[in-house]
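So, here's a batch of structures to check.
One chain, chain A, links the two complexes that follow: it is found with chain B in the first and with chain C in the second.
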Partner chain A sequence: MKTLCLAVAAAALAQSQVTYDHLLRADPKNWLHYSGQYHAQRHSLLKQVTTANAHQLSAKWIYHVDGARRLESVPIVVDGVMYVSQPNEVHALDAATGRLIWEYRRQPALQKGPNRGVAVYGHRVYMGTPDAHLVALDARNGSLLWEVEIAKASDGYWSPAAPLVIKDKVIMGIAPGDHGLNGFLDAYDATTGERLWRWHSIPRPGEPGNETWAGDSWKTAGGDTWLTGSYDPELNLLYWGIGNPAPDFDGDVRKGDNLFTESVVALDANTGKLRWYFQFTPHDVHDWDSVEIPVLVDAPFNGRPRKLMLHGDRNGFYYVLDRVTGEFLHGSPFVQQNWAKGLDPKGRPIRVPGVIPSFQGTKTCPATSGATNWMSPAYNPDTGWFYLVAQEGCGINTKSRDTFRPGGNAYMATGYIESPEEPWQMYVRALDLKGKLQWEYKQINSRRYGAGVLSTAGGLIFVGDDQGFLTALDAKTGKALWHFNTGRQISGQPISYEVNGHQFLALTAGVNVVAFALFDGK
Partner chain B sequence: MWILVVLAAAFPLAAQVSPYRIERAPSRITLDARLDEPAWRDATPVGDFIFNWFESGDREQTDARMLWDDDNLYVSWRCQDRHISAQVTERHGPVSRDDCVEIFISPNPAKVRNYYTFEINVIGTMLNRCRTDWWTGPPTWEPEGVQYRTTYHGRARKDESSDDREWIVELAIPLRNFARDAAHMPPRDGDEWRLNLQRTGGITNRQNSTWAPIAPPSKSFHTPESFGRVIFSTQVAAAPNAEAGRKLYNANCTACHGLDGAAGDRAPALGAQRRYLRRTEAELFDAIKAGIAGTLMPASPLPDSQVREIVGYIRSIRATAIDFAAPGDAALGREVFAGKGNCAACHMIGGRGGIIGPDLSNIAAERKYEDLRAALTVAKPVPPRGFQPVRVTLRDGRRVRGVIKNENNFSLQVLGTDDKLHLIDRSQAASVEYEKQSLMPADYGKKLTPAELTGVLAYLSTQSRRRAE
Partner chain C sequence: MKTLCLAVAAAALAQSQVTYDHLLRADPKNWLHYSGQYHAQRHSLLKQVTTANAHQLSAKWIYHVDGARRLESVPIVVDGVMYVSQPNEVHALDAATGRLIWEYRRQPALQKGPNRGVAVYGHRVYMGTPDAHLVALDARNGSLLWEVEIAKASDGYWSPAAPLVIKDKVIMGIAPGDHGLNGFLDAYDATTGERLWRWHSIPRPGEPGNETWAGDSWKTAGGDTWLTGSYDPELNLLYWGIGNPAPDFDGDVRKGDNLFTESVVALDANTGKLRWYFQFTPHDVHDWDSVEIPVLVDAPFNGRPRKLMLHGDRNGFYYVLDRVTGEFLHGSPFVQQNWAKGLDPKGRPIRVPGVIPSFQGTKTCPATSGATNWMSPAYNPDTGWFYLVAQEGCGINTKSRDTFRPGGNAYMATGYIESPEEPWQMYVRALDLKGKLQWEYKQINSRRYGAGVLSTAGGLIFVGDDQGFLTALDAKTGKALWHFNTGRQISGQPISYEVNGHQFLALTAGVNVVAFALFDGK
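On to the complex of A and B.
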């Protein structure tokens, strides 16, 4: 009888519903959001694994996702159950053992990817799909509850971003801007799937910002929303990074600042109304999406406590904004760059003339792949430092005259290649709040993006790379303390959670989900 | 060096002919002595015939081509001739007195004296011999399954006529006839045979000519040591007239694009590898013929045939070295590769050579001719991945020099200049010193004579394994 009671208790735990209060508090035993918590600091408060014992980490289980090619999903963990996705699929796993509980496979098994993860709220799992739908599943058995169309897949839209749940709303972004499709951000009723609001990232005629697009160029303008943003519950403001304008490399046909591309926007979470915006790269011609995750930090800045937003942009600059007002407080490059002489007092870049794509090709640093990209950054409140993956390198950017063709055709007006003079090189960099480099960890032989970083209260920074290595660094020094070869390129960010008293580290690596914990002799 | 000079003077070497690549037939060949299939149109001619023992008269040329498939070797001769005559109709008769074409084949280059002959006159009579060290039969030989057609096939005789212009022989020889001497059956990509193509006979303006020159003092076609080299290639014959296309391109397209496929002021470089550029023959044809809507690229008024030639040119500037006959003496290049150039110390071709540099057995299918030249003459800004030279000093004092096959923050996999693999834990390395320059010398433009350099490039331009089509 006693055993039975225990079993019932455990079962109840695994089936507990996620409430808004859970989402707000974000118990460190769980990993409830794409970026861990609403503030997107990616800092786990678990501290069983520390700088002193990280060398004892060992692989606990590996779950192979059948048919996967390159997973970019960040798992969600709720009370011992892990939800991991790939396009049109969700796998629910026992987070302690890696055993499959249920899987959902939507037809057709489209490979258009990636899918970056799910959100869980109530007893529902939410996922975007390659044909631009929002799907709600029952978290207990994977049954399909409902699905709604976000946008027309036949137009070329799709939904790779992980949803973000705020109160009873599911916030969903959209892709791609490279096809000349205008972006937006949606809120859906978490229970019914009804759309509650839509904010258009490209202002329509009569809306503020439309004047920043020459002629009709706003009609095929991009500005997608393909990474998950962050949220400040006190201000009730939703922060989201906006993608590039289209065509990517030919600015001649879309003269103007091209709002709200290459910006971060603050929206009222209830209504979707724009509160403020800050544009990192006005009139971008290098495909430098500003979707990189806005990290919300409360810390003293210039002598007084402030509500800050930290942002490492694909254009090579690190920014600090006041997230109440959008005021620019600081900006400084975190990689070598050749396109801006600096930022003016308002944070607007002072362009170097001529560093724009040309028919012959123009050397541009950072390259279009960017100084950083989808790889999540982290903030450790103990060190007060911002950690991000940075790519040093240049590209040769070319342009042409392109024509918008509906139906999901690329509308980029050509592209870029790696500059032949020196290969790209990946780093993990620790910046203080003012952007000053504290340490860097060169990922030797890593020349392409791997994964983002995870900070833990144990004083560690975990990072995956394109060579398949998961490495634990000392958050204070950048020294490598432990590493594991997962065997395949890592493209998803690590997470941490706790089950049965054990702190786990886990991530998607290539075609597998891999979980680690301290070696316990079993 | 002087020894070589003296030897050369004492035994003058015959002029040599470049190896001929026999490409795969792209489509079925109908033996009708017409040669109007695209297969023959796209096949490469072997080049002008040589009049070895010329005294006087007209040098009437022959356009000979070869193709192959798994079953047959195909040969065609198109013979300029203002005086066409033949009268031998008896199997194995003396056809070489008539206007006649011949092919003599040594399937084993190491046993060049084992050769097979096929002689066919213009009215379709054939003579065959099997001159091998294993043949014990009669002086003549009955090959299996040979099929052919000639312009005056089956006639009792052909007399000279005032409207004689040219005649054709089209021949298919089943490859199984050579199974006893050939290395592989069917041949594999890169297999080398030796053979010669000949033409003889006639009454008025009787001449003898051959593809591969016959070294003096021999005055006979039966000189297998002089046979030319042929290499079986799995590449499918397709040879648009790139030179004509280049002229058309430069005359019609350079208002926007650059000369010779370079970037222009208003349009991109067509020779570049850009993902937005049209690639296939059909895509390029359509882009030129119809223009690219919404861009400055206009529709061309040129006739289809000329558009096709421009397409051929654009594809040619994107093609790799194997796609074209490189100038220069490949045989000399092969010597330089192994000798003076010291290339084989680091590079392997066909399983022989050094291991520290890239294997070059397929390099002509991977690189453009200009890239090969640049590799020999222009230093790279950074050593290529997998070939970064490094000097490692280990904590125990040992030193390793080599190239990095792989590395990360925790280990190094080094192929040493001692040809050994060194698998190094980075924690055991006292120092890791990356050399700035690749081990590949870039001064062959100075080290070699122009003939040697083009020779090496010609040799490299023949190095190809099977290509994905």
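On to the complex of A and C.
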């Protein structure tokens, strides 16, 4: 009988509409955006699970996504209903029990992956697809409302990022940059799917920044937008990280700073016009995408309250910017690095000569996979610290001469191997606002990327690793308080939500969604 | 550090050798055979988990088998190491943590499935394969020791059953019967893989029983052996259920009783010679394989202690036989059925005329999928009851004229559809020795087969269903005490074992192995 009652409840809950007011609000019971809230702090205000009882967490349900290669999406939870995606699929689940409510499968079931998640608004669910479409589903039953083409899949484009809904717009990034396809950021009408604006991440001739590309190199320049950005409703500015220039490892054919690759950009959400930008790695030759999520924090800095942006970059540096103006406030390395002597007063790296890919290979730290990557960071307002997943290690980076070939072929000019001198090792690191290391947690046996972190008001940091462990750390000390083996590599960031008075933790792990809570099985 | 210590411990444990004495013993800490012990009662003597605390069970770890379609195997546990199979693969896991110790993958990775499990002996692990081979692996590291061909895969044969090891022999069944391929049961030398005997389930000309096949029909007769049987060491008799005759639905072309299809046979384990047989459904035309596991129980029956065999058959009847002689002692239906008026004093069904497949379709209860099937039953010596999973429902059975085509083509002469009048519904039922219903538990929303049952000395019955729920029932009342949603259809029977003083429950569910216990996560 219990099961039947829950099914009825879930069907009723699936009727909930999500208003823009709701999207703006800190609503700890739900997980409404890829990064939790617009500020992307990934900090849940729920505190039923604490440092004192985290060891009593137990798995409450598992949902297995048939045919998945590996899930990398972040679940969205609205009033007891969870939406989980994989390429061309959305599954709506009862968030209390894991029971399926509806399932959407799109044809053709092209498995170019991953898919990082959906967005919700009104009674619609939005998702990008492997063939670069944006689809809108009815949240109540999974039926298709409309779909629009974002870019030509035949050119090689695809859409792994979770959309971000702002007012009546669906903001949508694109991939990949490694194929020499130029990136952009789009806004679509949330009701009709009509495209409202497009901002090109590679300036065209006559546009400011085009001069940072030698010759015609801007035409096959990369600069994709494959992760989800953040948003400041007061400033009405959208913050988005831009990917690497192409060809990745051969800078000779694209001399210049190569704007706006390896930058964060602030766009007017209404028009898509560029307000400011900050470039982390001018003229990058290491494939150090700067798509890492910009985290928006209001806090005193150097003696006065400021609207800040925190950013851990794949290039190994942690940055603090003024998010109103883009002013550089601070930068310091959070891993060992050998490519920059430091940053100048404007935040521009002072290069170490010779640490660029060569035909015979050049040792470069961090490696091309980066000091961090798609794994979301978090900010805990109680500790005032920034938490991120960091990889220590170096690569031997090589270059070659490459030729752009249209149709989705890699345009990378070779790549890298792992340096045998410094084996790769993953850590969770807590930094104060000035980038000072407060503690680190070594992820045992983890040499490759797992997933990002979740901070909770219970004083906990949750993190998954490539060995399949979900671990709860004390946010103040980094001490491991609990772990659970989910069975295979975790590539999805944890979330938290509340149903029926119980705080849940959930994440995608391998081909499963797994949900945890404290209460017993009754 | 914890993780490292466990890995070392697991490596040490993986050295354990399994002796024949060990296989004979009731060893509650381990799960050494497909059905737990030779008597196949599936009753664990562990009692840390009880009716009073079952609601506190929580999932301790998940192991996800990459690329699995759905797992149907029963894990084997030896001194803290768990062996789980899927077609052409064995995974050895730390049974306390789910961490992988080794993995064996065989080429070609033919996914003709399922695989129901492995057997262990010495430091070897045995498994049948989709191309009808028997492989022996080194239990310490998963390396291949030898493999032998059981039958020609090009004929259509394959080997889904878990092997059964008796003394120095590996007993191995074969599939399928539905393709008109004749079945057999083999014994292989556990050390060398040499075949020691073969018993043919379809008697050849000159052998007793061949006269029960009209004309040449014995040549394409079926009678496979696709589940694992049981064994009485005192009697040295092996008990095995035999599959259906071919073509399944057209009896006209194979007039006669069609021995030894739809029978249980008792074979001398040393020689493979037939000691006795009992045929549940002579001349079956409903595809009612009698492979269901024979459960061996020593108990008073009709006033005197007897060596019994209990069997719930796909034909809808529950049987009690004397397992020394094969004498029929009792038979009664455990589901609604419309095909037999009853059983005669020798246990032979008294047919209702006309309830046979017809060209236009004949309503038949139980349906062809059967009143029960591969789902293991259990016997609890404390209650003295037999527990099985039962399907209520009927089919519309049709026949056609079919022609045998060699090479693995179906030879079934059509089949059945679900009768719309009585929708299928799954139950767990508890029967006393005389077949009287003690209680039943309706598996909500479950209309199709899930998995079998496990009985424990804590007074519990564990059962999985096609909705993905693992449920703990009170063995005395059938009351549901706890359930857990594992995410997808469960097709594997639960087991129980003990590591480091903790009782675990585990099962394969969807593409995962999931293990449960009471203790907290510290």
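The rule is simple: the second predicted complex is superposed on the first by the 505 of 522 C-alpha atoms of A that agree within 3 Å, B and C clash if a C-alpha of one lies under 4 Å from a C-alpha of the other, contacts with A are read in each partner's own complex, and residues count from 1 in each chain.
Methods note: contacts are C-beta pairs under 8 Å (C-beta built on N, C-alpha and C of every residue); 3 or more make two chains touch, one makes a residue touch a chain.
Since this is a predicted model, take the numbers as computed values, not measurements.
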For A:446, select first, second, both or neither according to whether it touches chain B, chain C, the two together, or no partner.
first
Using the superposition on chain A described above, determine whether A:432 touches chain B (first), chain C (second), both, or neither.
neither
Where does A:414 make contact in the superposed view: on chain B (first), on chain C (second), on both, or on neither?
first
Just chain B (first), just chain C (second), both, or neither: which does A:482 touch?
second
Of the two partner chains, chain B (first) and chain C (second), which one does A:57 touch, if any: first, second, both, or neither?
second
State whether A:344 touches chain B only (first), chain C only (second), both chains, or neither.
neither
Based on the superposed arrangement, let me know which partner A:194 touches: chain B (first), chain C (second), both, or neither?
neither
According to the stated criteria, A:211 is in contact with first (chain B), second (chain C), both, or neither; which is it?
neither
Most chain A residues touched (candidates chain B, chain C)
C
In the superposed arrangement, does A:398 touch chain B (first), chain C (second), both or neither?
first
Both chain B and chain C touch chain A; at which residues?
444-445, 467, 469, 483
Over in the complex, which chain A residues touch chain B? Could you list them?
359-361, 398, 400-404, 412, 414-415, 420-423, 441-446, 465, 467, 469, 471, 480, 483
Spell out the residues on chain B that touch chain A in their complex, using ranges where they run on.
263-269, 274-276, 292-296, 381-382, 385, 406-410
List the residues on chain C that touch chain A in their complex, please.
1, 3-4, 55-64, 66, 97-99, 444-445, 467-469, 482-488, 509-514, 520-522
